[in-house]
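Read through the structure below, which is laid out as structure tokens, and then see the notes.
Chain naming follows the written order as A, B and C, and within any one chain the residues start at number 1.
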Amino acid sequence: MNRRSYRLEEIAHLVKGECFGEKDFQVFNLASLEQAQNQHICFVNGDKYLSQAEASQAGAYIVTAALKQQLSSKNNFIVVDNPYLAFATLTHIFEKKITQRGISSTAKIHPSAIIADDAYIGHYVVIGENCVVGSNTIIQAHAFIDDQVEIGKDCFIDAHVTITGAAKLKDRIRIHANTAIGAEGFGFAPYQGKWHRIAQLGSVQIGNDVRVGSNCSIDRGALDDTILEDGVIIDNLVQIAHNVQIGQHTAIAANTAIAGSVRIGKNCIIGGGSAVAGHLNIADNVTLTGMSMVTKSISEAGTFSSGIGLFENSHWKRTVVRLRQLADVPLTQITKRLDHMQAQLESLESTLKLRK
Amino acid sequence: MNRRSYRLEEIAHLVKGECFGEKDFQVFNLASLEQAQNQHICFVNGDKYLSQAEASQAGAYIVTAALKQQLSSKNNFIVVDNPYLAFATLTHIFEKKITQRGISSTAKIHPSAIIADDAYIGHYVVIGENCVVGSNTIIQAHAFIDDQVEIGKDCFIDAHVTITGAAKLKDRIRIHANTAIGAEGFGFAPYQGKWHRIAQLGSVQIGNDVRVGSNCSIDRGALDDTILEDGVIIDNLVQIAHNVQIGQHTAIAANTAIAGSVRIGKNCIIGGGSAVAGHLNIADNVTLTGMSMVTKSISEAGTFSSGIGLFENSHWKRTVVRLRQLADVPLTQITKRLDHMQAQLESLESTLKLRK
Amino acid sequence: MNRRSYRLEEIAHLVKGECFGEKDFQVFNLASLEQAQNQHICFVNGDKYLSQAEASQAGAYIVTAALKQQLSSKNNFIVVDNPYLAFATLTHIFEKKITQRGISSTAKIHPSAIIADDAYIGHYVVIGENCVVGSNTIIQAHAFIDDQVEIGKDCFIDAHVTITGAAKLKDRIRIHANTAIGAEGFGFAPYQGKWHRIAQLGSVQIGNDVRVGSNCSIDRGALDDTILEDGVIIDNLVQIAHNVQIGQHTAIAANTAIAGSVRIGKNCIIGGGSAVAGHLNIADNVTLTGMSMVTKSISEAGTFSSGIGLFENSHWKRTVVRLRQLADVPLTQITKRLDHMQAQLESLESTLKLRK
């Protein structure tokens, strides 16, 4: 491993924190509280991790001022407002980066393609006609960059990624292994019992700082483009159909499927295993909890759900029996009828009392 | 881009429509009503797009006779019975096609494989023993065609597709990027607390005109073959387990999982995110709406569902609390008891009245 | 095909069964009861397959002693306690194995990598710095084995698999086509409306005899490792997020998503299309039926569910209308109120009778 160590004070400086204890303490890596050894630094993400921190073997801790006071048995601290953010920052200095630059001897690059001198193009990468690859971008082995695709600077395209459909990617984008971008959308016109293929003529536009996980499918548009705006983050095994538009900084968790022509606003969070039906609009700042199904547009910010949490199996089976009966039960009338009968009963009772 | 333009009259001829306006109007591309410019042609898919059509900058419109009469401000039309089908047809003339033919210098083809002279085999494609690739078939970069696989004519196999398990593909099939066909089915015999692998000896048969999206998994059969009949269309990220059989012209939307040995009939439509349990039969002409779960065979045509649409989160939480109570509520008796008590009450009331 | 035939007695010996009928009967393959021809052997997996067995053309049958007695029209049998297990064993002798060994001329192997002499490395495989590939391991075409990855002996890594993140794989592991192991986990710190990437420093550990299907995503850990223990089996299109730990011999069916830091016990079975929310613990011997959603830890063995089976669509629509009313219906009070009013009614009735 080519990671070097950092002095505690250096690290404090990097995260704009204050250093307490041994300024020259050598930190060799980040670690979890559970598995840390003496040469490691950990972060404490709130009061609920205090007992784990007490028990930890780590040599230094990233904490808030309040947390520091509760960890009197420890010596070395970096105090920050947001330990989780400081941790995120530090992961980048301990990350093993790909430092190779240039074009591998086995890469096949079309003569018309423009590749920045300081890009890295891995083994067996194929890059087609009129492609562009920007400065400091890394394209791992076996990636296939089809004709007319443009990739900006500081991007990371992992192994076995397919980018086709003349997709245009801006800067600082990360596309993880085995993802397909710009493949043909699922467009067919039904006619006389058969499906007639609609060749897809649109493309894909991906904004700055977008992250797409592994094994995702992001289809090209039918006529207009499929668009992921700046800062969108997408987990693994996610389907983005043709002509979808996703607003800035929206996050989509794994195994979610977004059907064709859906428009999702900014700053949304979509839980894993969700599905959104075609041609719907979802407003900004919408959160969907896990396994939600969206069948109507959502016009206002808020949190929405439709995934049911677990039941013990025999309880569940009895519940489903009731669910199958539910349609024929006039739920809204039951309480009304009960109230009405209660009134009748009371009236009868008082009548009887009067006649006593 | 190598697309040429077409005269309006030429396009009318291609879609068997009637041309109105400037017969020599040059059309450079298809476009959406929203984004069209003057050199583009659009289709109007029904009355609900009329206001968008009015506002569109397109130079020509594909419409029905009825729609044409309502677009008096426009000049150039092609009148057809089915504008959507005409649009589907036209996408093929504006599609940028792969015109290369022959075998790339870097492709590795086993000497026993038979490749049609006018096929295209992209860079780094690997083709194994006794494989066959038919006339006019395109195999994109990095595809892996394992031993004994046969592919018919006019097929398109995109980058990073794996075809193994001696799969047999007929003609005019499209397999999109990063899909795995013929990988080993998930077959294990449980014995003494361990899973004992069942090597899969069956294969995969894919009929004419089948379309499989990107990142799909279509496993080989255990003993018999997994079969996709003619005209089946499958979206992205779909799982087809071993020994599944899917009937002609059935469509399956994204992120659906079909478990082992399921038989699905003809002309079915399966909504996205659905799951079908193993060894079930589904009749012809069945439609499943999104996120359906099938746990019993379906013996008759019809539409079926079990996915729940979205609730506002606090409403949903209160609903789930009720769902957890539901099993113990004798739903079918409630109305009966209410009716019975109502009758008792009325009888009491009339008794009292009589005694007045 | 290079499969040879076996004498019935030989097969009986291989599965430790007893041979009845023609000991020298030549068996050329395993087959299903439905499609078997005379030179094939079938297994009969219980009484419910007896009529299919009667009608089968197979030349020999693997049965229990009890089943044999009910198949009086057949001659050749192998009698075992567990026909399904015997079948699993036999699939291995009829499987067409990859017999090639050595490193393909087109593979790119870093000089520091250690590859066993009897491993097979397919065309265009790329193997990075300090990698290890054990004895008798097969790595198919185009696989990408990134720096520091170690793979044990007798493994099978199929085409287009990506293994990165310095993952460590033990022995007898099978990873199917287009799966990504060790890609970066979905870790982002939200701050001032943006997502700040957390570089993932952990790795992936995969135990002996693990099987991972095609198009799966198994992410590397954030700090600690993602761990699949010995004997875990995973179907296709499954998401295993960072820091997940899965206990021995647990099975996970297709299209399931396990979110970050989940711990799943031993011998669990997780139905297809399920989702488990982050940071939960699931005990040993837990079974989840299909499309379950887990939102709380499960502390005891048992079977759990939350996926709803299919309804006819109009029935379903009416059910969902009721579901939307359900939150406001005081279910637990209804029966109590009914009982209470019943008692009141009866009291009134007896009062009236007394006064007659």
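Here is the rule we use: contacts are C-beta pairs under 8 Å (C-beta built on N, C-alpha and C of every residue); 3 or more make two chains touch, one makes a residue touch a chain.
Given the structure is predicted, the values throughout are model-derived calculations rather than measurements.
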Both-way neighbours, i.e. chains that touch chain C and touch chain B: A
Type of chain A:chain C copy interface by residue overlap (half), same or different: different
Inter-centroid spacing, chain C versus chain A (mean Cα positions, whole Å): 25
Overlap residues in chain B, where contacts from two or more other chains coincide: 124, 142, 160, 178, 215, 237, 255, 273, 308-309, 311, 323, 326, 329, 334, 338, 341, 345, 348, 352
Residues of chain A that touch chain C when the two form their complex: 1, 29-32, 34-35, 82, 84-85, 87-89, 91-92, 94-95, 106, 122-124, 140-142, 158-160, 174, 176-178, 209, 211, 213-215, 231, 233, 235-237, 249, 251, 253-255, 267, 272-273, 290-291, 307-313, 316-317, 320, 323-324, 326-329, 331-332, 334-335, 338, 341-342, 345, 348-349, 352
Contact footprint of chain A on chain C as seen in their complex: 108, 124, 126, 142, 144, 146, 148, 160, 162, 164, 178-180, 183-184, 186-189, 191, 193-201, 215-217, 219, 222-224, 237, 239, 241, 255-257, 259, 273, 275, 277, 287-289, 292-296, 298, 302-306, 308-309, 311, 315, 318-319, 321-323, 325-326, 329-330, 334, 337-338, 341, 344-345, 348, 351-352
